[in-house]
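Both complexes below contain chain A, partnered by chain B and then by chain C.
Take a look at the complex of A and B:
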């Protein structure tokens, strides 16, 4: 198993204690294309933060590729995030004053890769996502779909074990949303990248092979969706 | 390295006005520091110029009045230095330190040339004095050994005295080779020395033997000057002075610790003290300069805090994709140091330019005090050492300015920063 969560609990102590994750058990294998679905307040964002080593959990165990992720120093956590995980965010989170190619290079910069090498790699990834011509453009000159593709290139460049996508289509129109989901699907099929999408949109979830429902801090149903028929409405498109 | 400067440039470029306004405060601080130190050096050069004029390893002793009763004699007795004191100082007791001993006799006289006259102190001197007091000649020569041997009636006049004897607007050199009258006798002017602006007195030098004979001074001397070696510290000098005082006092039947019986003027320890005063002035100027700079530093710290606040989201992104806390700290520290250093160097450059300007203007002007021209500033400038020290100050200051903002930046938590805005 690539990802294994065993009885993961998380409580927020902001005034009133809030038990957000109440014992999550979840396994995701290498090469899977999974979505985690839940309503707002279900704990899916917290789960994503823990999966992404952006937040820590109270009890339980979390393994990535057999490595226990617990009680890491900030430095170590940063290193794991950099090498193991690629993030795709709803609001793209690409840096506004850097060009597309500079944004894509950034994770490699933190790995200490030389300038020419990382530039070469970033151009290669932008090219694969059809953005070679946009390399020297700034984010404010690009469309939402293009920005998200820059973010995807940035997530892929370190060849991470997992891609974590947090509502990747949340800020896109339905056509672009579909393109992005198809792109993720293709990356999964053709290159075997493990992708976890967190969403509340059934149409988006329907694009994935497995849907994990989360409700009130517990894993509910796990749907096999290899036929992509989970959502009646989302059979052909993503509803907005 | 280049990556970090690219990052800094990107950040500064987005905040040009803010950065330059704050940078101005830093420039101003360093500018003040450099100008203050430069002007301070200029003042010290002007005031202590006299100190450089003498060979620093000379001591002069002269007679005084006893302040203590001793050996059956009352206090308030006049002590005059004489030839036997020269023998004593030259003798075995002080042989390890004393080098050359010379004496002077002097008398107040009126000199006249044609219709003009002036008062002067006529000093009977040895040729060695020129070396010891670094007397600078404008023209002619100083007393030489032949003058001494032949008891020649020759005189070396200071420039201002020579000018006083000549019609207005003539050169002091014109008096060279002429005979002037001093007291009852006629003397040949053989040399003109630079006027001693610090002392401000009219010391004319004639051969020791001549004056001694003419004024029938007997064994009595005005003062004894000698060069010495091997006394490096203030303490060693004090001890030597005490021994010397005791020996000379005892010879004149005065209490060995009577500090008024004879006076000792030690140029070496005086120089040490002058250097100390100079160092204190320097420290004071540094403090004033650094406090001025402090305003700039606070400014830099302030804009760095604003920068960190503005870039919280960006730092969150960076941390999410793998930036370690130190990567972020480094970014802010480097930016702070760079801003401080760049603007600091601008200030330093302008400060040095201003010192040059001071040299060209105030440095050339003199103030007239009691008929003497005194330079206000002599060579007001700072050396390479100050430039290096200021560089260190800038780097340290920049680091301090960036420290708190950088720590704040490093503590940014990615989930909070990335929470959808």
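Take a look at the complex of A and C:
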């Protein structure tokens, strides 16, 4: 198993204690294309933060590829995030004053890859996502779909074991949303990247092979969705 | 920490992105370092200007001359006039062993020195050979009065700079020429270029110096002398000898040994001490104002960096999410702070140097004024080092705030 969560609990102590995750058990295998679905407040964002080593959990165990992720130093956590995980965010989160190619290079900069090497690699990834012509453009000159593709290139460039996508289509229209989901699907099928998508849109979830429902801090149903029939509305397109 | 061209480009980018903000913040540092260096240079220059007035003057000298008594003593009324005389010289030498030089001076004011058709006002000073230990001559030509001149009453003279320029307008070595002062012709044996403004009985520029023995006869002084100049051996404080010297004079001239007005004593030691205190105070003020201004500038930088960090929470969060360690963020913020401080500060150094040069040019155009107002190279280097250190300090608080930003904050900010 690539990812294993055993009885993971998380409580926020902001004034009134809030028990968000109440014992999550979850296993995700290498090469899976999984979505985590739930209403807002169900704990799916917290789960994503824990999966992405962006946040700590209180009790339980979390393994990536057999490595226990617990009580890491900031430096170690940064290194794992850099090498094991690629992030795709709802609001793209690409840096506004850097060009597309500079944004894609950034994770390699923190790995200490030489300047020419990382530029070359960034160009290669942008080319694969059809953005070679936009390499020197700034994010405010690009459409939402293009920005998200830049973010995907940035997530892929370190060849991570897991891609974590937090509402990757939340800020996109239905056509672009579909394109992005197809792109993620293709990456999963052709390159075998493990992708975890967190969403509340059933159409988006329908594009993935496995749907994990989360409700009130607990894992509910786990649907096998290799036929992509989970959503009646999502059979052909993503409803907005 | 990872460093390459991009690190520097990023720093430059983020400073240029908020151009007016960086300019205004940088101006605080610029002005601070300018003030400090300009004041240091200006203070040093001023000190030079003032001390050049004391040039060539022994620092432990006391000059005394007779004044009317102010107290009655042994049947004499107060207000009695008396004179210093030759015996006082020998008496001082024998009774005060702490003294190195005891030398008398006779002077005559308002004379005219004439060479051919040129004439110039002059003061005649009659001195012994050891007078050169009191007021060191800076001889441009020839030599000073020596013991043979005094012993043989030679009609020779050493002339000051203004006299030389006045009566020898064509320049050249005047030694051997005869000039007329009053009714007597003297052979010029030296030209003294000492230009200090503190001097005994008139400035050295305007003096015609002749042998003492000759002056006594020409000016009908008998054994009386006008001034007694003494210098102490090294390590002797002249002020501690004043009472003893006054008592010696009082005994031989019959006045009250406690009568301070009867002998007028000028002690250069006190004047130098006064000057030193003045400039110590001035320096303290310079550093206080200069460092205060820099500090204000640095606080400005720190403040602005704080705002920048706040603004860039999302960006820093993204960087953390994709693998920047807290140390990467720390070095980025601190380097930005150093860059801002250093660039602004270096401009301040350049501006200060230029302004000091201008000041120096203007001051040195005033006749009789010359001083070096420029700061030294090492002062400038020290300023740069100080700036980088201040840059680090200014960056510390904002950087620690930036380090506390968690990657999740990036997503929450939206």
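Convention: the second predicted complex is superposed on the first by the 240 of 240 C-alpha atoms of A that agree within 3 Å, B and C clash if a C-alpha of one lies under 4 Å from a C-alpha of the other, contacts with A are read in each partner's own complex, and residues count from 1 in each chain.
In this section, a residue touches a chain if its C-beta (ideal position, glycine included) is under 8 Å from a C-beta of that chain, and two chains touch if they have at least 3 such contacts.
Values in this document were obtained by computation on a predicted structure and should not be read as measured data.
J.: Clash or fit: how do chain B and chain C relate after the overlay on chain A?
T.: clash
J.: When the two structures are overlaid on chain A, which partner does A:112 contact: first (chain B), second (chain C), both, or neither?
T.: second
J.: Should A:75 be classified as contacting the first partner (chain B), the second (chain C), both, or neither?
T.: both
J.: Just chain B (first), just chain C (second), both, or neither: which does A:55 touch?
T.: both
J.: If you stack the two complexes on chain A, which partner ends up touching A:83: first (chain B), second (chain C), both, or neither?
T.: both
J.: What stretch of chain B clashes with chain C when the complexes are fitted on chain A: 74-82, 92-100, 236-244 or 272-280?
T.: That would be 74-82, the one stretch with clashes.
J.: Could you give the residue numbers on chain A that contact chain B in one complex and chain C in the other?
T.: 49, 52, 54-55, 74-75, 78-79, 81-83, 87, 89-91, 93-97, 106-107, 109-111, 115, 154, 158
J.: Which part of chain A faces chain B closely enough to touch in the complex?
T.: 49, 52, 54-55, 74-75, 78-79, 81-83, 87, 89-91, 93-98, 106-107, 109-111, 115, 154, 158
J.: Sort out for me which residues of chain B touch chain A in the complex.
T.: By the definition above, chain B touches chain A via 2-3, 10, 14, 313-314, 316-327, 414-415, 418, 420-421.
J.: Along chain A, where are the residues that touch chain C in the complex?
T.: Counting only chain A, the residues touching chain C are 49, 52, 54-55, 74-75, 78-79, 81-83, 87, 89-91, 93-97, 106-107, 109-112, 114-115, 154, 158, 166.
J.: Report the residues of chain C in contact with chain A in the complex, numbered from low to high.
T.: Chain C reaches chain A through residues 2, 4-6, 13-14, 17, 314-315, 317-328, 406-408, 410-411, 414.
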